[in-house]
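Pasting the structures here.
Shared chain: subunit A. Partners: subunit B in the first complex, subunit C in the second.
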Partner chain A sequence: MDRSSFKYDILKEVFNISVGKAADLLSEITGKKILLKIPDVTILDRTTNNIELTEYLPIKFTGALMVSTISFKENLTGKANLIFPAEKMKAFIHLCLNEDVHEEDDLNFTDIDFDVIKEIGNIILNCILGETGNLLNIKLQYSLPEVKIYNHINFRKDIDEKEYQHILVLYITFIIDSTEIEGTIIVDLALQSLNEIMRKIDLIEADIYD
Partner chain B sequence: MTKVLIVDDSVFSQKIAANLIKKYMGDVELSFANDGEEGIELYEKLKPDFVITDLLMPKLSGQELIRRIKAHDKFAEIIVVSADVQKNIREEVEAYNILSFLNKPLQDEKAQLICNLMREKIHG
Partner chain C sequence: MINYCYEVLNNVNEGIIIVNENFDVFFWNSYMETITNIKGSNAIGSNLYTVLPSLNKNYFKNVVKNILNDGYAMFFSAAMHQDLLDTEERFNIKISRIQDEHKTSILLEFHNVTGQMAQIKQLKKYIKELYHVNKELKEKEKEIEDLAYYDQLTGVANRTLFYILAEKYIQKAKRNNSLLGIMFIDIDKFKSINDTYGHQVGDKIIIKAANILKKATRETDIVVRYGGDEFVVILPNMKDISDYKIVASKINNLNENVVYMEDKEIKLSFSIGISIYPNDGDNIDKLIVKADKAMYIAKRNDEDIYY
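So, the complex of A and B:
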């Protein structure tokens, strides 16, 4: 394995551990066993490519999208978006509230639904970002979480923030009680932030060879 | 009756905390604040025996709420229930001499732990 692939492998493993912890928390919330498919990570570079973020969403994401967002600063600067297809979210909310799941649920979300998704999104994103920060020894300071529903056009306009040079796209799939929920986390990062992550990964790599 | 103030900007988390605290504490008087600012107002007005607070909240953060309460009453009993899993944040908050720091989600085991800690404090 060459050096660059090895660094990518370390980064993927760091996210793998963080997503595993997030799945554990989801299991605590729903009281159900969570099966996790191995997450995949892609790093996109806006400085050299013209990137359309919607092209990196899973093909199944054709309808409305529910997006939980949290910004962070201090040692890293950026914004993390947890994206799920809105049609899966009603079932997910019922699971979180320990209610029966109805197949015929519509896409009208109440204030309570938004509050639940905001809080669960906050817990998942805090876990993934915070555990990544713990593993890489990087401190983060978060903004308040937000939740919005987007169609693909609004998503392209609102989420696709050209001000950040790098994007980490993390694909995750949770299977909760036979309900498969496929999600994507898009982390926008300032140039120096990706450099800082890579510097920390270099330190981990150096430790391995010590 | 034991008075507990729950400070969290999520109504969902307030309800979970309320149900679990009632379940394991029994006779308890619960009050709720939706952010740190409301939390400090209710703390001064109600003088609760315990405060259970989140950290990331609008208007006034949990850290600032704890700092202000402790400046006013250094023996105030505060329990933090937060989604923030960062070790350095935990260390910063624990430096305020809080009763406990737990990560969300709150579930039976963690709620029992909180209630046992509160009982120990009440009964000396």
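So, the complex of A and C:
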């Protein structure tokens, strides 16, 4: 799909609405103003190109990574991975919990931190998958996310699932208290699932032109 | 079978509430009775938000409505939602939809994490204390190191550190086939200054001398107070023998000849002797002896520098 095409714009707008809802919910829960930059989208096709997934992560993602993963089935099949650099995730947690940062703080994550990440991942991924499903009229079945920490090397092995032919990469940035938290969502999709999404977008496009 | 399932849920170690599509409670387990002090018989049949008014928040109600409509699960962490349950204890809450052909319900699970959170808080307190103890220890270590290796009056390296560094740089010069310079510097007529103006002024002259040498030398050069009124400068990374002249000329330019100290006019001048590895010796003792002799020749000849 040509990046300049209208379909990309529709897809971007769908994600903009859904990530916006996630930002609103997080704002309400934390009592903080959480803003969002308009997300960017890329679709990667493994069937025609040899894709090295880590090349599509932002350059800043060189240290430890926090990954929340949801698997979905029924009308669409695939996996969604929400990825934040561990350092930024720590900052996100401090901001959400209204905690001061102390000089003795480091990048070790406690059980409480993991619970908070699980919730943040749940909110963001639920909003994206749920709202996208609603807007495109596709029902999805999925459970709570699993949270793991990866370094760059084992991220490549564990997240980059070659069984899925198509990958949707969504770049999101939240702004909390003037701190920018950049994350990436990687959605691995089976071919039929991507086709289903594109078919729904075609219907939206047709509605607009009618 | 249903009673059996309810009995199982009554025995699990977490709070379980099941509500119907109108959010009316139809199951409230024993653990829930314990954590809320609300009997099941009082809760069942009533609206969830009436029984637990602390849940009556817009975002919570919207999320539960969405779960009812769309079927995805939601997780609320105890850390982010301290006020969702009106108790001293802390709970993670999981909410999901249960659906069969007959009915749709919402399952709320309350998992007690009070102990975990208290433990983590305790651990964080210990970490903070350890961190500060460690920080103090490191500061003390640095103080001790400074006392051992640095001259207390001028702050430059002392003789002990000189020999450690000089050995290191000689080995490096040997490996790289490069030059290493040693400057031996003496304050002219220092004994006379001390005797005339007193030790306090003498100390200030020593400090002034050290500052001149620090300013005149390159970043990689090392200024050492060798003892009394004697200084040594180690010149690693010399590309040519004549490089010492650049440092020497800077020392002379910064040397004001007359120093005013507490309205006294004191003449300050240096005598400098040079030796260079490998030409003048292959170990630090030989180089020091050579540089020291050169310094005396400079002094005797009333020259600033001798090589």
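The working rule: the second predicted complex is superposed on the first by the 201 of 210 C-alpha atoms of A that agree within 3 Å, B and C clash if a C-alpha of one lies under 4 Å from a C-alpha of the other, contacts with A are read in each partner's own complex, and residues count from 1 in each chain.
Here is the rule we go by: a contact is a pair of C-beta atoms (placed from the backbone, for glycine too) under 8 Å apart; a residue touches a chain by one contact, two chains touch by 3 or more.
Keep in mind the model is a prediction, meaning the values are calculated, not measured.
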| item | value |
| --- | --- |
| Side-by-side fit of subunit B and subunit C on subunit A, or clash | clash |
| First, second, both or neither for A:L25, with subunit B first and subunit C second | both |
| Subunit B versus subunit C as contact partner of A:G130, first or second or both or neither | both |
| Partner chain(s) touched by A:S178 [first = subunit B, second = subunit C, both, neither] | neither |
| Which superposed partner A:N122 touches (first subunit B, second subunit C, both, neither) | both |
| Partner chain(s) touched by A:T110 [first = subunit B, second = subunit C, both, neither] | second |
| Partner chain in contact with A:T47 - subunit B first, subunit C second, else both or neither | neither |
| 93-101, 201-209, 219-227 or 237-245: stretch of subunit C that collides with subunit B | 93-101 |
| Intersection of the subunit A residues that touch subunit B with those that touch subunit C | 25, 28-29, 96, 112, 115-116, 118-119, 122, 126, 130, 133-134, 139-140, 142, 144 |
| Interface residues, subunit C side, partner subunit A - complex | 58-59, 63, 66, 70-81, 92, 94, 113, 116-117, 120, 123-124, 127-128, 131-132 |
| Subunit B partner contacts - residues on subunit A that touch it in the complex | 21, 25, 28-29, 96, 112, 115-116, 118-119, 122-123, 126-127, 130-131, 133-134, 139-140, 142, 144-145 |
| For the subunit B and subunit A complex, residues of the former touching the latter | 9-13, 56-58, 83-89, 103-105, 107 |
| Complex interface listing, subunit A residues touching subunit C | 25, 28-30, 96-97, 102-104, 110-112, 115-116, 118-119, 122, 126, 129-130, 133-134, 139-144 |
